[in-house]
Structure formats: structure tokens, C-alpha cells
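In the two complexes that follow, subunit A is the common piece, with subunit B as its partner first and subunit C second.
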Partner chain A sequence: MNPQELLYWVRGTGLQISAAIFVFGMIYRMLHLALLGRKKSLAAPRGSEWGPGLRTMWRRSLVMPELSANGRFTIITGYVFHFGFLITLFFLSQHIDLLRAVLGFGWPALPRSVIDIAAILSIAAMIALLVHRIIDPVKRLLSDFQDYLSWMVTFLPLLTGFMLLRGIGFGYITLLTLHLLSVELLLIVAPFTKLAHMFSLFSARWYNGAFAGFKGVKA
Partner chain B sequence: MKDHDTLEHRLTEQGISRRAFLKFCAAMASLMALPPGSATAVAAALAQAKRPSVIWLSFQECTGCTESLTRSHSPTLESLIFDMISLDYHHTLQAASGFAAEKSRDDAMKAYYGKYLLLVDGSIPTKDGGVYSTIAGRSNLDLLQEAAKGAAAIVAVGTCAAFGGIPMAKPNPTGAMAVSDLIKDKPIINISGCPPIPVVITGVLAHYLTFGELPALDELGRPKAFYGETIHDRCYRRPFYDQGKFAKTFDDEGARNGWCLYELGCKGPTTHNACATTKWNGGTGFPIEAGHGCIGCSEPNFWDAGSFYTPLPAPTAEVTTVAGIAAVAGAGAAVALSALDRAKKKHMQQTHEKLTVKDLHD
Partner chain C sequence: MSKLQRGINSFIEQIDGPIATFFTSCVHCGLCADACLFYTETQDPKYTPIHKLLPLRRIWQQEYTFWGKLMFRLGLSKPVTDAELAAWEPLVYDSCTLCGRCSLACPVGNDIVYMVRKMREGMVASGHAPEGLKGATQRAIGLGSPMGVNLNTVMTHIRNTEKETGLSVPLDKEGADYMMVLSSAEIAEYSEVFSAVTRIFHQAGVSWTMASDGFEGTNSGIQIGSSDLAAELLWRIVRAAERLKVKYVISPECGHAYTALRWEGPNLIGRPYNFQVIHITELLDQLRSEGRLRTEGLDETRMTFHDPCQMVRRGGVVEQPRNLLHMVAPNFVEMPDSGIQNWCCGGGGGVSANERAEPLRLKVFSRKKAQLDAIGVDTIVTACSNCRSMLLDGLEHNNMSVNVVGLTELIAEHLAPAAK
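What follows is the complex of A and B.
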């Protein structure tokens, strides 16, 4: 298989396989979670579910003032990473080309300079978070293999994508192949690790808030 | 066929001045990325070069490669250089035909056994005993294998000979193969392109005449001097790519402003060739300058690499339908498993036996 054939496979069959696993896995896991069901609570509700549920979805997005410096660092750096990642993912023209081909519609891209800044900040934030995870004794103790795996499969697409855009290190074919392979790895791994939070995040928050609301706990 | 004829002598005969010859040598030296001082060495070597015998075999091809070479704004020095080799057999260009033509090939192969250069354009059909392309009743495969035996080196001219090209494109009804798929024991140089750039063919021949060996090749057997960089690397529209400025259609404002053609399917980033530097039609321009993206013709399997107008990031296979099927399957699996869970739970509840005080006594 020559480099062109490999690239063609990665752009075609490879993408089909990984997209299928991603969609299958995500829908299966989310729906299975939703359908788990819980025993009906026989206790009289002490408050409403919807209000606290929605409030928790929002409040968990805030940097709580009572957090320690370490906690604040984690949350703020986490935000930098997430926003940088999402801006790069959804507003780089090349990504919109791909999404247009898959979804059937597209949207305007952001200027390349904005994408560059977002990508660099996102990469820097990920490195900072990894270093912090290793240095901080509590975080280190809390981390397991899956945390490092999730970090790696998220970091690789960002890194290879930036190298591709700026032509760093290798030729275009090699970098495009590596970038697509790294994205495909992410797609395959995401549904079965804590990266599934990309879909379960808000419903999980709602559930926590609603549960507390039902018990009358002030959220 | 006068072996004692040197290139310099022949050029003088044809009224080419030494100055023009040196200019050509300097251009060749820089084209092949040789050190600055080497132009003189190239000139000295070329001037004394003997005309090597060249046999050109045309197989499953469209003659575009020959057209490219002969239409290189003749008479140019390039085409004269081509005169300077002893082209002993070439379907299209030779005067002889029939048995006389075949005989001239046989004679050259015998007289210059182990020394002649074999140039091949077109791919070789191998299915059903190679019956899909025959010359004088002999299959291409047979002719290639015979001619390859006594060749000093083989030059695969054009993408068909180098990588199989359009005859090898799916579904490849003739079982077409590239020269390098069939011949393993000879040095092979691939000058890919559909067609290849004329000056690249002459450049490689000049290199061979100068140094007596083939130039440095990349992993696909192409001379690095010409295929070392991509069209994208050397494209004059590259600054627009870096700024993210893309033409969206062939007649929008971006296209008129000369913006990057990436989103219109340009394969420049994945295509190694010298079009952006040597250009075509006597240096007039190359496809991107004419407003059309690169189609990637010097790369293997380019006919099967999706539409010429599909942007590089877009998938080369249908992803939406596959994802749709996966979504339905995922939902089905979740519902089925949930139903199973519930049934199991119900069964457990029904068969549950309460613990009694008596049980604790036992």
C-alpha cells in the first residue's frame, strides 16, 4: 500500500468504520443510560425537579469562588482547552468542508489567525493540564490509565492538525494521514471512555440537580 | 547510428551555439538541484556524451506522453537533446513500420545488449495472458520482459508506465500493471505525470548522460530533483491557503482574485511534481495558473482517488449513510438490551424470596 492508497483508505473506509463505531457507540450508550430507569420514588417530593436541574446545568459551568487556586487553575485551563478545541473543530474551513460533505450543509469559517490562536491555546492548555495532573499529588492519585488515554487521543488530533496546517515536520500526505488516523482513533475510543461526556455532560448535570431538587436540597 | 558522434559535435552541426548549450546545461544543473559549479561539469560531460541507444516501448497508453515531449515548443534544446540519443525504436516517431520496425528493435537490443536505455510508456495488461494489447502479434508483457533483459536501466515515462494509470483504474479490466510491478532486477526510474513534463524527461536523460547513472529517487522511484516537493509547496497561490482565503466556485470573487483552489478539489498538497516551477507550454503556466486545481496526475491511483472536485478533507466514501445505519443499529441495541435488563429485573423480583427469621436461625 503506497502513501496515496493509505490516505485514500483513511479518508474513505477508515472514516466509515470509525464514524460507524462512534455513532453506534454514542447512541447505544446514551440511550441505554436514559432507558436504565430508576425505581419510582414513593416519597413525597420536597421540591420541583426542573428548576434545580436546569440551574445545576448552568451552575456547574461557573468557577466557584470557594475553589482553591489549584481548582481554579483546572477549571480555567479546562475552559481554554475546550473552547480552543471547539473553535478549531467547528470553524476551521477544512473541517467545515468535511462536515459539509457529511451533513449536507456548512457555515462560514473563522479567519485563519483566530483558528491559529485557538489551536495554540488549546494545545498549551492540554499540556499544562497534563503537567498539573502529574505534579499535583491529589490529581495524580485520582488519575488512572483511562485519564491518560483520553488525554492522548484528544491531544493527537490537535497536534497533528496544527502541524498539518503549518506544514511542520513531515510532508502533507503523511501529516494528513496521521491527522485523520488520530481523529479516527478518537472517534473509536470516545464512546467507551469518559470522553463520552461530550454528550452525557448536560443530562448528567440535569439529573444531579433534579435529584437534589426532588429531595428539597437547595441547588 | 554514429556512435562516435558527440553531443557537442551534433549540436554544432545543427547550428546550436556553445553559449546556448551552456545556458541549457546551467538550467539543467539548477533544475536538478546540483551545486552551482556543476553546470560546467554537466556541459563537459554532455559535450562528450556518446549517443546511447534508446528503445521506447508503448503499451496501454494514449500517446499523450509522446505528444507532451514532441510538442515542447519544438525545436527547443530539449527536443534536440532528444535527437542526440539514438532513438532506435518508437512507434509514433519512427519512419519504419511493420517487420522493418520490429527488426530495428531487435537489432538495437542485440547490438547494445546491456547498454541501451529502455523507455516505456503505458501500462502492461497481464490478464488472460496479456491479450488485451499486442504488437506484431506479441503481448506487451512478452515484449517488456524481452527488452528489459538487456537494458542498462528502464525509464517508465508517464503515470501509466510508472503506476498503472488509467488502465489500472478500477475495475482494471485488463489486469494492467506498472513496469515496476513486473520487472524487479533492473534500475527503474518513474517519470510520472499524465503527461509528464517534457523538461523532466530530458532532465533525467541529461543526468544519465552526464553521470552515467540514474538520479536520486524518492520512495516511489521518481527523481527527487523534480518530485521532491509538492505542487502546494511551490504554488504561487500558497499565501492564500495560509491566510485561509479560498475560491468557493470557479467564477466567484475569490476565483477572480486568484485565491487558493483547495476547496474546489485542488490536489496540489498531495501531489509531487515540478509543474509549479518548470511550468508547461514553454514556461507559460500550469493548470493552477489557468484557474483549475491540480488533479494529482503524477501520483499513484489518482484516477481512483475520488472526484477531481472533491476537497481533500472530504471523505472519499459515503459516510452519512453508514453513520445513519450505525445510529439505527445503536438505538436498536440500546432498546433491546434495556428490554433484556428490564425482563431480568422483573424475573428477579418475581422469584425473589424474602428472608425470614427462620432462615437466620439455620
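What follows is the complex of A and C.
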């Protein structure tokens, strides 16, 4: 297989297979969680579950008060990484073109300079978070292999994507192939690691808010 | 079946949709550490809330996830051992008061304390619960009370109260509206509460009674994490209430009694109650708003309110104690982080019954001390007799001269004289 053929396979069949694993893997995991269910409480409720559950889904995205220096660092750097990642993912014109081909609709792209800044910030934040994971005693204790694996498969698409945009290191075809391969790796790994939090966090927050709402606790 | 196997089976059984969702969502960010007084006051990473659940997390991976199952079957993921559970016992019990503060902090929304409560079920089943808490639970089941009080103790207090107030204390009165339940600590140490409620209810014209076979609400079963024992203790109150056909059971100034009675109870006994549960603070505030509770005179001392975790953050009774305090305390001030975000006294969740945990409990009291130092008060009012004991203990340990008062007693001291 020459580089051209490899790229052809990677952007065709490879992408389809990994996208299918991502979609079905995520559906399987979320369905599994939903089907595990919970016993309905027999206690008399003081408040409702749905409203507070839905509110918590959104409100937990807001910064918490009273954090240590480590906590503040995690929150701020975490925000920078997530926003940078989502901006490059959803507002780079090449990505929108691809999504338009799949979804049938698209949206306006952001200027390249904005994407560049978002990508650089996101890459820097990820490196800072990795260093923090290693030096902060709390995070170091909590971390296992999955945490580093998840970091790696998230970092590679960002890095190769940035190199591709800037033409750094290799030729266009090589970089595009590497970028696509790294994306496919991410798609395959995500449903089976903590990266599944991208979906499950919403139901985690819903439960949290619903439990409190049931008791009439206004959190 | 070995005890370990029983414990593991219980862990597997406890894992439900929410727990699986929480473990799936955890990103190991460590933010929950900052919410937990055991971490903030010691800076020891092992006290990070989610870390206290590690064995349960592995069971979840090995039993509920595809890769975890595969790795486990291939021998690539180590099984949970007795030694590991023994090592985790102090984390799950001594360093967690079930205060629930971590559950408000987690960015992905994990209700961590929900998981600790459930993990304790497996810990008891595997035989890994602290001796102090086992003893308290055995006394509750065998003698009727973790602190060893009994009907005779209650009868003595009732007679004294009747002599002191000239009012009668109804016992086993069928058809009363409210049945009053007390905490062990109130009966054993803070018996002023007898005359306080007697006088308040007399003034407000509340139809009430106590029950000779269901007078104590403290539930060590909930704290140790055994649903079976918790249910057995709870049944005493349910049977008494249903025998006396009361409309309401009043939960005492005791946080875990409230959680046990109000929220866990019907699930423990497997059916809804034939009565409602109301916290004494809720009832007093309701009487206030109806104009049936009238106070007189003010207490000018600088006062604050310590929010009991189970009543406030985990129970939703937040405004009521404040409304009551405003009736009598013009110099009432809030602590930093008061209300939903308040810090635990350090002795909830069975920690106070666990002697082994005492040095750690007194160490982390530094958080409460800092809160108090920030406002400089003469009196702390609270509405949980366990918090009250823990506050007294912590204050003494730190040579701080601050009074600790129960809210119900404070109100009773200021009852309008016509009804005294």
C-alpha cells in the first residue's frame, strides 16, 4: 500500500469503522447505564426531580467557589483545554465540511487565526494538566493507566491537527494520514474509557440534582 | 460462603445506575478533595473522597464493564482482597462523616456520598466495620439504644418534666396528631429537651404523644451501613406510630435520625408510611408562621448557627432554623460557608461512635474553628444533638469558650409567659 492508498483507506473505510465503533460503543454504554436503573424512592418527596436534575446538568459547568490553588488550576486549565478542543473541533472549516457531508448541514467557520489560538491554548493546557497530574499528590494518587491513555489519545489529534494546519514536520499527505489515524484511535478508545464522561456526565449531574431536588434541597 | 465473598456480593448488589454512571464519569480531577474536611485539614491525598471508594470502583470495573470483565477473567486485574478492605476501613468510616459536601463539588456531578453510604453495606457484610460502631449498633439492637438508655430513663425524665412544668407529658396516647421521637444523646445528655417540647407544644396547642416502644430515633444501622439493622431499628418507630395512629412522626434534633426516618425509612421497610415525618425544626417554624409559637424577650449575645449536614445539605431544612433564630437572636450572624455549603462538625456518619477515629476527628475540627474564629461568637446554636456533643468536644479541645445550645431549648427559654 503506497501513502496515497493508505490515506484513501484511512479517510474512507478506516474512518467509517472507527466512527461506527464510537457511535455504537457509546450507545451501548449509555444504554447499559440507563438500563441498570435505580429503585424509585418510596419516601414522600418534598420537591421534584426533573427541574433540579436538568438545572444541575447546566449549573455544574459553572466554577465552584472556595478552591485551593490546585483546584483553581485544575478548573481554569480544564476550561481552557475543553473550550480550545471544542472550538477547533467544531469551527475549523475543514471539520465543518466533513460534518456537512455526514450530517447534511453545516455552519459558519471561525477565522484561521482564532482556530490557531484555540489549538495552541488547548495543547498548552493539556501539557500543563499532564504535568499537574504527575506532580499534584491528589491527582497522582487517583491516576491509573486509563488516565494517561485517555490523555494520549486526546492529545494526538490536537497535535497532529495543528501540525497539519501549519505544515510542520512532514508532508501534507503524511500529516493528514497521521491526523486521521489519531482521530480514529480516539474514536475507538473513547467509549471504553473515562472519555465516556463526555456523555455520561450529563446523567451523573441529572442524578445528583434529582436526588437533591427530591428532598427539596436547593443546591 | 466466606465473609469476603459476602462483602463482594453485596458490593455487586449495591452498584446501580447512578453508581455506574458516577464511576464512568469520574475524570480523576481531584476537585472533590477540596470539599472534604478530612483532606483540607490534613492535606493527605488518601482522604480524597473518590479515593475512599477505590475497592468498589474495581468491583464495578470487573463486573460491569466490558474491558474490566475481560481483564479480570484473564487475571490481569487484581481481585479485591480482605487485606485491601481492612486497609480501606478507616477511609470509609473514620474519615467520612457522610456529610455530602463532596457531592456538591464534583464537576461531573458525582454524588460521592451516595456511593460511600452504599459501599458501607459491603464493608459491614465483609466484616470490616469499626468496633466502636459495631458496639453501638449491637447495643441499639439488643438493648434498644446505642447509648444504653431505656424506657426507665425516659420515664424518669417524663416524671421530672411533669414536676418541673406542671404539665402532663403524654405517653402512648392513641389518636394524637404528632408522635415525638428523641435522639439517644438527648435522652442521655440533653434531657432539657423534654421540658422544652412539652412547654412549646402546650403553648401551641399541639396534640402530641411519646411512645413507650418507639421513643428513640438514632439509627446506628444507617451509619454502619447495614440496611437490615437500620430497618429493624426503624420498625420500632413505624409500629409505634401506626399503633397509635398518629398523623406525623417528629424527627428529633439528630441529623442521621432524620435521614433514616425521612428519606431512607420507607425504602428500608419496603413500603410507604401511613404517616408523615417532620423535623422538629420544620414543625416549630410552621407553628411560628401560623402564629401559634410566640416568644418574648431577646437574647443579645452574638450567636451563630451550625448547620447539621443531614438536616441542611442532605435534608433541605435550611430556612426554618434561621426564621426561628430571628425571633429571639438580634445579634445572629452567619458563619462563612453557612447553609448548604457548611462544614461538618467532624462527628457525623458514625464517626462519633468510633473511638479509633477520635484523634482524626479532633484534628479536622480546625475547619470549624476557623469558621468560628472568623466571626467571633459567644454562642453556637445547632439542631442536632450529635453535632452539639461534637462541637462541645472540639471547643474544649481547642480551649475555646463558646456556648453550645440546642435550637428547641433556645426557643423554649423565650416562650411568651402566658403559656409558660
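Here is the rule we go by: the second predicted complex is superposed on the first by the 213 of 219 C-alpha atoms of A that agree within 3 Å, B and C clash if a C-alpha of one lies under 4 Å from a C-alpha of the other, contacts with A are read in each partner's own complex, and residues count from 1 in each chain.
Heads up, the rule we're going with is that contacts are C-beta pairs under 8 Å (C-beta built on N, C-alpha and C of every residue); 3 or more make two chains touch, one makes a residue touch a chain.
All values reported here derive from a predicted model rather than from experimental measurement.
With the two structures aligned on subunit A, subunit B fits next to subunit C without clashing. With both structures placed on the common chain, the touch criterion links A:46 to subunit C but leaves subunit B unconnected. Judged by the touch definition given at the top, the superposed model places A:80 against neither subunit B nor subunit C. Touch criterion met: A:218 reaches subunit C, while subunit B stays clear of it. With both structures placed on the common chain, the touch criterion links A:207 to subunit C but leaves subunit B unconnected. In the superposition on chain A, contact is made by A:71 with subunit C only, not with subunit B. Across the overlaid complexes, the C-alpha centre of subunit A sees subunit B and subunit C at an angle of 170°, to the nearest 10. Contacts of A:27 after superposition on the shared chain: subunit B is touched, whereas subunit C is not. In the overlay built on the shared chain, the residue A:12 is in contact with subunit B alone; subunit C does not reach it.
Once the two complexes are overlaid on the shared chain, A:37 sits against subunit B and subunit C alike. Touch criterion met: A:60 reaches subunit C, while subunit B stays clear of it. Between subunit B and subunit C the least C-alpha distance in the superposed model amounts to 10 Å. In the superposition on the C-alpha atoms of chain A, the part of subunit A touched by subunit B in one complex and by subunit C in the other spans residues 29, 32, 35-37. Residues 2-5, 7-8, 11-13, 15-16, 19-32, 35-37, 93-95, 97-98, 100-104, 109, 111-112, 115, 167, 171-173, 176 of subunit A are the ones touching subunit B in the complex.
Across the complex, subunit A meets subunit C through its residues 29, 32-39, 41-44, 46-47, 56-57, 60-61, 64-68, 70-71, 74-75, 78, 133, 136-144, 147, 192, 194, 196-197, 200-201, 203-209, 211-212, 215-219. Subunit C makes touch with subunit A in their complex at residues 15-18, 20-22, 24-31, 33-34, 39-40, 45-46, 48, 50-51, 64-67, 103-111, 114, 262-267, 270-273, 276-277, 313-316, 318, 337, 340-341.
Residue ranges on subunit B touching subunit A, taken from their complex, read 219-220, 230, 232-233, 242-244, 246, 262-263, 269-270, 299-302, 304-306, 310-320, 322-323, 325-327, 329-331, 333-335, 337-338, 341-342.
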